[in-house]
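Each of the two complexes below includes chain A, the first together with chain B, the second together with chain C.
Here is the complex of A and B:
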């Protein structure tokens, strides 16, 4: 039974819970419900059981999207965090104006609208005339069609993604670095520890909670990747994923099925599958993290 | 505590609110969704002028215009229809018509159309009206603006390649010879035409029969004939070494054209303002001509119309009146004069003042030869896999991974599988 003294507490969490239930729990429950129906948004929904799930899992696009996603996540998350960590160490080594300058410079891609970032990178990647191909040309390397060659498309995307996300992760890691007491490093230096040893034995362990957050957030974001590959490949609801679906990802496929094909039941099932994947991976990360914290 | 003053205030408030509610009941607010470039700069000012005129003639009607990107228009119209709160009057492209009908976003305006004076109905392009009317007593849109591709030529690049620019290439063979000369002069001839569905369709239109393009929804098969399509695929192979590698929609393509690195750009007239500005600012020398066809006297390029749709519901009548107003000749005439852009109002296009505008004159001529991008309209939705299969196939052939003959055969099979699996 709720004691009277707890009522103000519940009242304070009520606005959040109301919004959370309306914009998070209800859409998930609604998505789960519609995932069992054949529904095109206008006609009466027809119950089809698990047909939507079977149809999706058996489809070529789902298969391609999941393989692309696995490759993308396994590279972009560790690479992105490593770059962000390196940038944070670099910025932390500066003082005063230069620290502000580099922090701002590295953060700019985060605030850049996605379409602008994609436009810039489409120019950089352009065959023959793009900045990257000009540099390669000076070195005698023939022009590469980064966004149309299925062997390079994923890496081209990862480079953009790391460029966009590194600044955000850098700021978080930088805040963590500022909280590490200086006397740890002082003691290490007195004991003759090198810079690398200080990073490995002091910085990383002390940053563990921050890194855990960055890794978890990185996984959740990467699993939902959508806007950058959508824009880099010039996708629309009529065609998406780039050449031979090399940059097709689950959220793109889900959106295409929903708004391109009006198969909202399939799109709901897709969304629910993806939600489950994200929940399972996040739960796994938390379980792993709890074990580490316990140590 | 004396509650009388409070009761008095509450009574006044209730009266005001009820009066407001009565007033609101007489007010109709229409949501009018347009492409984002219709809601910017001079185009927006003119649209606002149309709205003000309509509101003045229809007291109690208020129209709110919103500009949206291509995908946002479709998602908004579909979700709006699903939630029972669609925009009242809206634009989209003809190729999305079938999806909008399936989603219940479009009202059948046939009765309203037939109730309009004959003079009103006669002013539109006949083909465009036919596109909106998939079967008897059915009409899902008013054709609004539109385009047919033109061949934009960079005259500086062509002159550097030793090409006489006084007359446009008369056919594909002559055009292709010019492309080779451009490449020999160290410039790019064309964008990569395999990257975008519309540029594949455009290239097909050079050599392929129009009646063999699209889906036969009765048999659920593609209409593409592998023998005809093989000729189109050969064009991609021929153009591959001459191309810039950028797609026709890339900003890089426009930049290459403006900086005298690219000779030809087959695209709609929407690039003209950019090129026109470059001509004034940086001295770009360019013109636009009809896209050459396979033989002299034949022309190519794709055409499409942006449509005005009306949502079913209680505001459908007044929404139709507004759609009819903005697509009527006086408005389309002002639109054409302001933007120098083609639209589906044939009467406006034939007005002497408009007909002599070069871009419109060329577009009016080009539309007669244009290939519909995704026919038939409002009959069935093209499956999601369709576009990707077409572009992937063209790219594979251009890259030499398969021959045009084999590519054409496998395309038809893949497209039929895609249609059957939808």
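Here is the complex of A and C:
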């Protein structure tokens, strides 16, 4: 029974829940509806069933974007977290002021908006006068067009990505490290365990929940990568993805179909396809994670 | 996992607990550790340092003469900043981004108060729905939310930028976590003293949650300042460009801006978050560590 005494509670949650229903639940429902229509926002919508989904899955762009995504995610997530873990161990091995100093400095790239990281690195990668090519020039290496060479583009993106995200994950892992009781290490040391053994047999198992969070979160955000490749390739809704679409990713493809091609039905369907992929991967991670917990 | 015979090799007075350092003396490991840490400092900071150097250098000096490793001309830098502020709409973008960030911070705290401290019919269901939304990727909502915003006639307006982002489950989740720890006896006492429900929220929950609110406000500011995709689609009119879009404009392949001008635009966009970080460093780092370890 909903009694009168509950009215103040509902009054207090109403503003948030109303916003939430309007700008979160309704868009999802309407997106699902649009995804079955051929609609360009001005003409009449035409019901097409699953055509949008079929059209996307069969398209070349989708195929390229998914292949790029698979390569990108399988490198950037493990690499990024390994770097973050290394940085966290490094910071943790210092004490007092120095630990604080290094933690602060390693976090600075996180503070910059991703769009800025991308625009700064675009110039660092620039041919001839960019910082990186300047350094290569000192070593006698001819100028490389990092963002225009299909062999280097993906790695150029991953480098920026790791630069941006390492500090973020480092801070989360550091908080986890602080929660591992010191006497575990002491006992291991008395047993003669080396530093590497301590990391493998104490740190990693004890950090398991934190690492699991960092990995899952890393996958979910990497699967939706947009800002950095969009800006690194100087994309616009007219032309995106860079040379030979080597940095075309699903969210870019989706945005391009929606705001470049005005195929809003297709763009909505794209969102659901992508969500399915993300849900499947996350579910896989959880299944794998639970198996490890049980051990 | 241990070998008893190794025990004799370990000095029991070695490093304090929780540290990975075994011997306090200057070992190969200590040197290596410092070398890696300093190298990581350079990698983390140099791109930003380089951006500053490019701004504070005479335009057009070839890199072979001035490799931009440190600032060489303060006057030239300030002249570029003055020029950008005077000749472009950068200041308006500043205002838009600032308003966008500050307005987004509001909202959420009333609902968090209810979810954290009270029981009422339907609460569990609402809470579950909101929490599930944390796992729904933005990719699926961005296009239909745009379509809704367009239908409301909010394209190129401040409310179009801000309002859809107010239904942030992330902020709500963080505040709930914090408000759960508030002392309920005080709440009861205040209620017995005749405080109304809204007074409890205003004079009890809000002041006691000041820390969490400030942390949330800072994180929201940083995130909103860095939001690129949403303004890109919902505010395509230059009248309401955010800083991110202005930076994107300077970086567009056809803008024909020199690296000096682009870097000045980048630097101006980087300043607010960097200054914020310098002031609220501890809160930012701890806020992120908290959201990770509890997630």
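Following the convention adopted for this analysis, the second predicted complex is superposed on the first by the 269 of 295 C-alpha atoms of A that agree within 3 Å, B and C clash if a C-alpha of one lies under 4 Å from a C-alpha of the other, contacts with A are read in each partner's own complex, and residues count from 1 in each chain.
Following the convention adopted for this analysis, a contact is a pair of C-beta atoms (placed from the backbone, for glycine too) under 8 Å apart; a residue touches a chain by one contact, two chains touch by 3 or more.
Computed from a predicted structure; not experimentally measured.
After superposition onto chain A, the modelled positions of chain B and chain C overlap sterically. In the superposition on chain A, A:234 makes contact with both chain B and chain C.
When both complexes are overlaid on chain A, the residue A:172 reaches chain C alone and has no touch with chain B. Residue contacts after overlaying the shared chain place A:245 against chain B, while chain C stays out of touching range. In the superposed model, A:95 makes contact with chain C only, not with chain B. Partner contacting the larger number of chain A residues, of chain B and chain C: C.
Of the two partner chains placed by superposition, A:58 touches none, neither chain B nor chain C.
In the superposed model, A:217 makes contact with chain C only, not with chain B.
By the document's definition of touching, of the two partners only chain C reaches A:8; chain B does not. Of the two partner chains, chain C is the only one that A:190 touches; chain B does not reach it.
Once chain A of one complex is fitted onto chain A of the other, the partner contacts of A:108 are limited to chain C, with no touch recorded for chain B.
Shared interface residues of chain A (contacting chain B in one complex, chain C in the other): 41, 119, 122-123, 126, 129, 234, 236, 259, 264.
Chain A makes touch with chain B in their complex at residues 40-43, 61, 119, 122-123, 126-130, 143, 145, 148, 234, 236-241, 243-245, 256-257, 259-262, 264. Interface of chain C with chain A (complex): residues 1-7, 9-10, 12, 14, 16-22, 29, 33, 36-37, 40-41, 43-48, 50-51, 54, 62-63, 67-68, 107-108, 110-111, 113-115, 118, 120-123, 126, 129-130, 133, 135-148, 150, 163-164, 166-167, 169, 172, 196-198, 201, 222, 225-229, 233, 244, 247-248, 250-253, 259, 262-263, 266, 269-270, 273-274, 276-277, 281, 284-285, 288-290, 292-293, 295.
Chain A makes touch with chain C in their complex at residues 1-2, 6, 8-10, 12-13, 15-17, 19-20, 22-28, 30-31, 34, 41, 87, 89-90, 92-95, 102-117, 119-124, 126, 129, 131, 134, 163, 167-168, 171-172, 174-176, 179-180, 182-183, 185-186, 188-193, 195, 197-199, 201, 210, 213-214, 217, 220, 223-224, 226-227, 230-231, 234, 236, 250-251, 254-255, 258-259, 264, 267-268, 270-272, 274-275, 278, 282. Interface residues of chain B, counted against chain A in their complex, comprise 70-71, 74-75, 78-79, 81-82, 95, 99, 102-105, 188, 192, 195-197, 244-247, 249-252, 255-256, 261, 381-388, 391-392, 395, 422.
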